[in-house]
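We call the chains A, B, C, D, E, F, G, H, I and J, going by the order they appear; numbering starts again at 1 in every chain.
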Amino acid sequence: MTTAEITEKLLAAKKAKGISFEDLEKVVGCDETWIASVIYRQASASEEEAGKIVETLGLPPEMAEPLTVPPMKGGLDPLIPTDPLVYRFYEIMQVYGVPVKAVIHEKFGDGIMSAIDFSIEVDKVSDPKGDRVQVTMCGKFLPYKKW
Amino acid sequence: MTTAEITEKLLAAKKAKGISFEDLEKVVGCDETWIASVIYRQASASEEEAGKIVETLGLPPEMAEPLTVPPMKGGLDPLIPTDPLVYRFYEIMQVYGVPVKAVIHEKFGDGIMSAIDFSIEVDKVSDPKGDRVQVTMCGKFLPYKKW
Amino acid sequence: MTTAEITEKLLAAKKAKGISFEDLEKVVGCDETWIASVIYRQASASEEEAGKIVETLGLPPEMAEPLTVPPMKGGLDPLIPTDPLVYRFYEIMQVYGVPVKAVIHEKFGDGIMSAIDFSIEVDKVSDPKGDRVQVTMCGKFLPYKKW
Amino acid sequence: MTTAEITEKLLAAKKAKGISFEDLEKVVGCDETWIASVIYRQASASEEEAGKIVETLGLPPEMAEPLTVPPMKGGLDPLIPTDPLVYRFYEIMQVYGVPVKAVIHEKFGDGIMSAIDFSIEVDKVSDPKGDRVQVTMCGKFLPYKKW
Amino acid sequence: MTTAEITEKLLAAKKAKGISFEDLEKVVGCDETWIASVIYRQASASEEEAGKIVETLGLPPEMAEPLTVPPMKGGLDPLIPTDPLVYRFYEIMQVYGVPVKAVIHEKFGDGIMSAIDFSIEVDKVSDPKGDRVQVTMCGKFLPYKKW
Amino acid sequence: MTTAEITEKLLAAKKAKGISFEDLEKVVGCDETWIASVIYRQASASEEEAGKIVETLGLPPEMAEPLTVPPMKGGLDPLIPTDPLVYRFYEIMQVYGVPVKAVIHEKFGDGIMSAIDFSIEVDKVSDPKGDRVQVTMCGKFLPYKKW
Amino acid sequence: MTTAEITEKLLAAKKAKGISFEDLEKVVGCDETWIASVIYRQASASEEEAGKIVETLGLPPEMAEPLTVPPMKGGLDPLIPTDPLVYRFYEIMQVYGVPVKAVIHEKFGDGIMSAIDFSIEVDKVSDPKGDRVQVTMCGKFLPYKKW
Amino acid sequence: MTTAEITEKLLAAKKAKGISFEDLEKVVGCDETWIASVIYRQASASEEEAGKIVETLGLPPEMAEPLTVPPMKGGLDPLIPTDPLVYRFYEIMQVYGVPVKAVIHEKFGDGIMSAIDFSIEVDKVSDPKGDRVQVTMCGKFLPYKKW
Amino acid sequence: MTTAEITEKLLAAKKAKGISFEDLEKVVGCDETWIASVIYRQASASEEEAGKIVETLGLPPEMAEPLTVPPMKGGLDPLIPTDPLVYRFYEIMQVYGVPVKAVIHEKFGDGIMSAIDFSIEVDKVSDPKGDRVQVTMCGKFLPYKKW
Amino acid sequence: MTTAEITEKLLAAKKAKGISFEDLEKVVGCDETWIASVIYRQASASEEEAGKIVETLGLPPEMAEPLTVPPMKGGLDPLIPTDPLVYRFYEIMQVYGVPVKAVIHEKFGDGIMSAIDFSIEVDKVSDPKGDRVQVTMCGKFLPYKKW
């Protein structure tokens, strides 16, 4: 089974059973975006977490194991994404990447925001002029080491 | 004066006067990241905002006008950034782009998070295991129109 | 069934029954280009719209469901298209992109034409020197937010 | 004088005199977007048209001649534009390029919309929910020749 | 049947029957290079022309229909071709593209040679020092429209 | 003096004196497109030919020498040209490259059309429906050597 | 049978029978590298040569015909090869390409070394400090034609 | 002084004094292609070799020192060269790279031809049908180490 | 069996039997990273080594032979890797490549670190602030040859 | 002063005074490769460290300040380096990237080697068969966070 086939099977089961990512969050006890990342094979779960996901989706237990393997991550094709929703994150990096870098360096010194010791959450913010999507990223600041 | 020269002059004055983006936030009344975006010519200010920025930095008033012009935005070179801090945002898009898309569609339907009717903020979150960088993006949900 | 297979099946049925996009426009009550976008999996329909499309093409009702899913959009391969008709739109962007940007900024201020709250229509304009293709794009102006 | 310097001089004069592209349209008798294209050196004017543009901008007559030369057109850098406004046209091509191709072939047969025997206009459409940008492209249909 | 499969079937039949493109030219009444373009799915034929091609190759009549569909054209992979014969045309464009542009503008004004209202022929020119390949392209001159 | 500066000087002199490429053809005794290639530094002339070009343009004799140096050829930027006239040759290669390859192999066997032992000419073909540009390429057929 | 499948079959047979390229050289009477090029479908053989190759490898005679077809050549994927042995040739071109060009022009005038009327041979040169690979390329000098 | 300026000065002096690379070979006692590589800053000379080159070209002794610095090598722009002579080496790698790899592995085992412990020479081979360019590369075979 | 299938089979057997790369190191007597390279088909083993690997994994002996073939190496897709762990090596090259080059040249003169006569090892370094990954590369210094 | 000019000045002073990176290591008390990284503007020093570097090189104290600014890092041009020494690190990533990933995951679990909390050292290892370059990278293991 290729990575894409695993994802497809899990999504099909999720759709057939009418289970949302939010439902999975309640069962597994982890954030829904992280669970979506496990299903799209961008993150690896513990055996227990994988087991709960698979069981909730009504799939046989042997579907759990592949979800625990550290995957080849990334791999959006093409390198500059064309899907408008995904592209907006590329655009944000293009437009605000350097200003954000300047502010982070001013606040923290030379270093980066980790994308590994990191979380990303999606929330709906109600607004009379139209609901808003809030994406909150939170990563450990890693100062450059000298040696 | 090219765009790069305008930015360079403003940053030199800012450094010479020891003014932080946070100081500018207090004077101008807008978020520091947005002000950094104006200085890096990724956003355009009103005449009043531009005037305050320029005055605070101790620069002559005619420096304000170029900050009000809608700039050619983006333009990170190369297209896939090599600076480690900026690259992490590319990596986040590669790794979490599709899971985030799935969660947004589940919560909102078919559409996108606007990168125009949009804000981005940087905060320091104290943590005994090491401070964390929090980046909060908030954009209007734009549903696809049918016609 | 992959996305490409769904499109292929719909187009084959459309051809076999001799139904034009214009015929579908009359049945569904939406513009023919939008309907073509649904069939090429660049837009998602409501269940009712999808049902009408599928029924008109003489296909079984279960073909309707996939048309309601928000698809991975774009994905023209290669990134700079080689099909002469599609390339002309790339050429128009290359040649007229910056002048159009200048005119829009002069008329509206800093912001963009939305490609989401957006419609695109194709019309035939009769002309004794040779018919003309008229493509009308109409998108909401989105001013840049400050924060 | 390089092409970029010519454009810069004309835009500086236009700004200094407070003349809009619409003002130039009235003087020259051609559409404002086409005039913007001449100024950005994407189109070439007749000597008379170039003379009127230069005169209206209060520039010396010898500035007119370079505007009559067929320029190297296009040349947006990078090939996939990062400016959000210009990018939207790339996105439209990515998302709607193939559906538009299908509709044009159905209405006209095998051929293309010319990008040479072609006009492009920008209009403001008032709308209580927010003004809209309307871009109208109109190009001669060119059927493929057989030989 | 994919486009590549159609081409493969036609070429296999052509080889098996020992028919040359020149033979097809005599039957169909169109130039051999154009007929090769139809078979490689870069051009679309009328039903009558497609019928003659298919019949001459000894294939069943239902093979004719796909040849009448306007195809996705181009699509050489990779974008800069590596086949030495095809690459020579890329090299000619690289080396002589700008000089040819200069001569065309001097002879015709601002505009292009159409690649749609266009023919291309291949001839053998006998030469005691070694035969020569003559490629003759002939396209309508399209002057840039003003508007 | 860079290559671009040499070209610029020659073109400026040519314009100032009102000399066409066709005029140069009569003086030098070589085709006008080849002369344009020398001026754009894509071809190298003999000392005598270079001397005639320079003299006819009213430039000092020391301008002749650089035209005799074998240049770095090609170098269109970007690799896939965006100028509409030059792009059409790229499009022709994309659309007709493989059919032309098939016809050449059928007529000549395995080998290529030389782009070195090669000429390219541009002619105006009068036509009541609009003049046509005729480009004639003629290169030695080079069969693949076995060893 | 695709091109890759033909190559695979021939290589499998060659391995199974324990035949080296050098053995094939003796039977066919052509250089081993050229024979390898035929097997990898980068060169086309005569019917007689193809017959000998196929017979020596113990394959049925109908395997010979595909080896006589002029193939789509090149096609290394990716364009800048990552295999270390093949990459070294790219590196040699990057490092020594311009110096070699300078020496060839000094010795021969403006023109190129043909890669068609061309041979390439591989030899082992014994050396006490470690054997050396000698690659000898020999191509006809083709002077640029004037016209 | 940039690298390009050093090269330019040396080539100008070489031309002015009418010295060939072959002349330099006799004075320096190294191959002419290697000397050309030093001048184009792709190789570094000893102080003595650099001194001889500079002296023979009639340049001041301080020009010698920069020739002893290990340069940033390669850097052909663009990555796939467009100059026809240099491109032929790219084409040879595309067409014959894999067959040559197969032959080297058969003769030597798993490893590469070094491009560092390596020489490249250019010779003229007289031939009544037209002189030939012979390029001889000779690099140490480096077997892959196991560890 | 394609290269990817061989790797997949070996990894599946390794997982099923619960054998680590370190276990294989003990059996084969070579470093675990090198063994991983053999399994991912980036290195070729001797028959004996391949036999031990296959036997330890409980696979039939005929699986050993493909591991002795020199493979097409590299081939990470895409060229700039998106997997965060692999990308870090790209980032290290981008950030520290030139400083490392400067230090190597100062210590060794003009030349390179071989990536063929080369070993790479991975070790875990315990650290109370968090374990560290140590990667040790060791390659023969190859000085540039003169000729 | 641009970043490149700062580097150039420091390297020129270093050369003029005959100071090695190793000498700087003794004065500054940090590793020579890290100091080279500061000079090439890939790392930022403290004021004290920058002061010592500048003083040792005999430069005025105001040269120290720019070395304390967090730079735009990376930026090797082109993205796939052509300098043979730097390229070898790209090749190592291509060939050994995936095996190294497999070994790290087996030893540490899902996560990466940090390139920020990271050191890189270059050592000369004497060897009778030719000295060897040893590059030791040591980065903190960062396990993927769940949330």
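Keep this in mind: contacts are C-beta pairs under 8 Å (C-beta built on N, C-alpha and C of every residue); 3 or more make two chains touch, one makes a residue touch a chain.
Keep in mind it's a predicted model, so treat the numbers as computed, not measured.
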Joint neighbours (subunit D and subunit F) are C, E
So which has more C-beta pairs touching, A-C or F-G? F-G
Distance-wise, how many Å sit between the C-alpha centres of subunit B and subunit J, to the nearest whole number? 29
Could you state the distance in Å from the CA-based centre of subunit A to that of subunit F? 54
Suppose each chain is reduced to the average of its Cα coordinates; what separation in Å results between subunit H and subunit I? 32
Which subunit B residues touch at least two other chains? 73-76, 79-84, 87, 91, 94-95, 105, 111-112, 114-116, 118, 120, 142
Going by the touch rule set out above, what shape does the chain contact graph take here: line, ring, star, complete or other? other
Touching chain combinations (by label order): A-B, A-C, A-D, A-I, A-J, B-C, B-D, B-I, B-J, C-D, C-E, C-F, D-E, D-F, E-F, E-G, E-H, F-G, F-H, G-H, G-I, G-J, H-I, H-J, I-J
Residues of subunit G defined as touching subunit E within the complex: 72-77, 79, 115-116
Within the complex, subunit F is touched by subunit H residues 78, 80-84, 87
Subunit A-facing residues of subunit D, complex: 80, 82, 84, 87, 91, 94-95
Would you pull the subunit J residues touching subunit A in the complex into a rising list? 30-31, 34, 43-44, 49, 70, 72, 105, 109-112, 114, 116-121, 142-147
Touching residues on subunit C, where the partner in the complex is subunit D: 20-22, 32-33, 36-37, 39-40, 42, 73-76, 79-81, 83-86, 88-108, 111-115, 118, 120, 122, 124-125, 127, 129-142
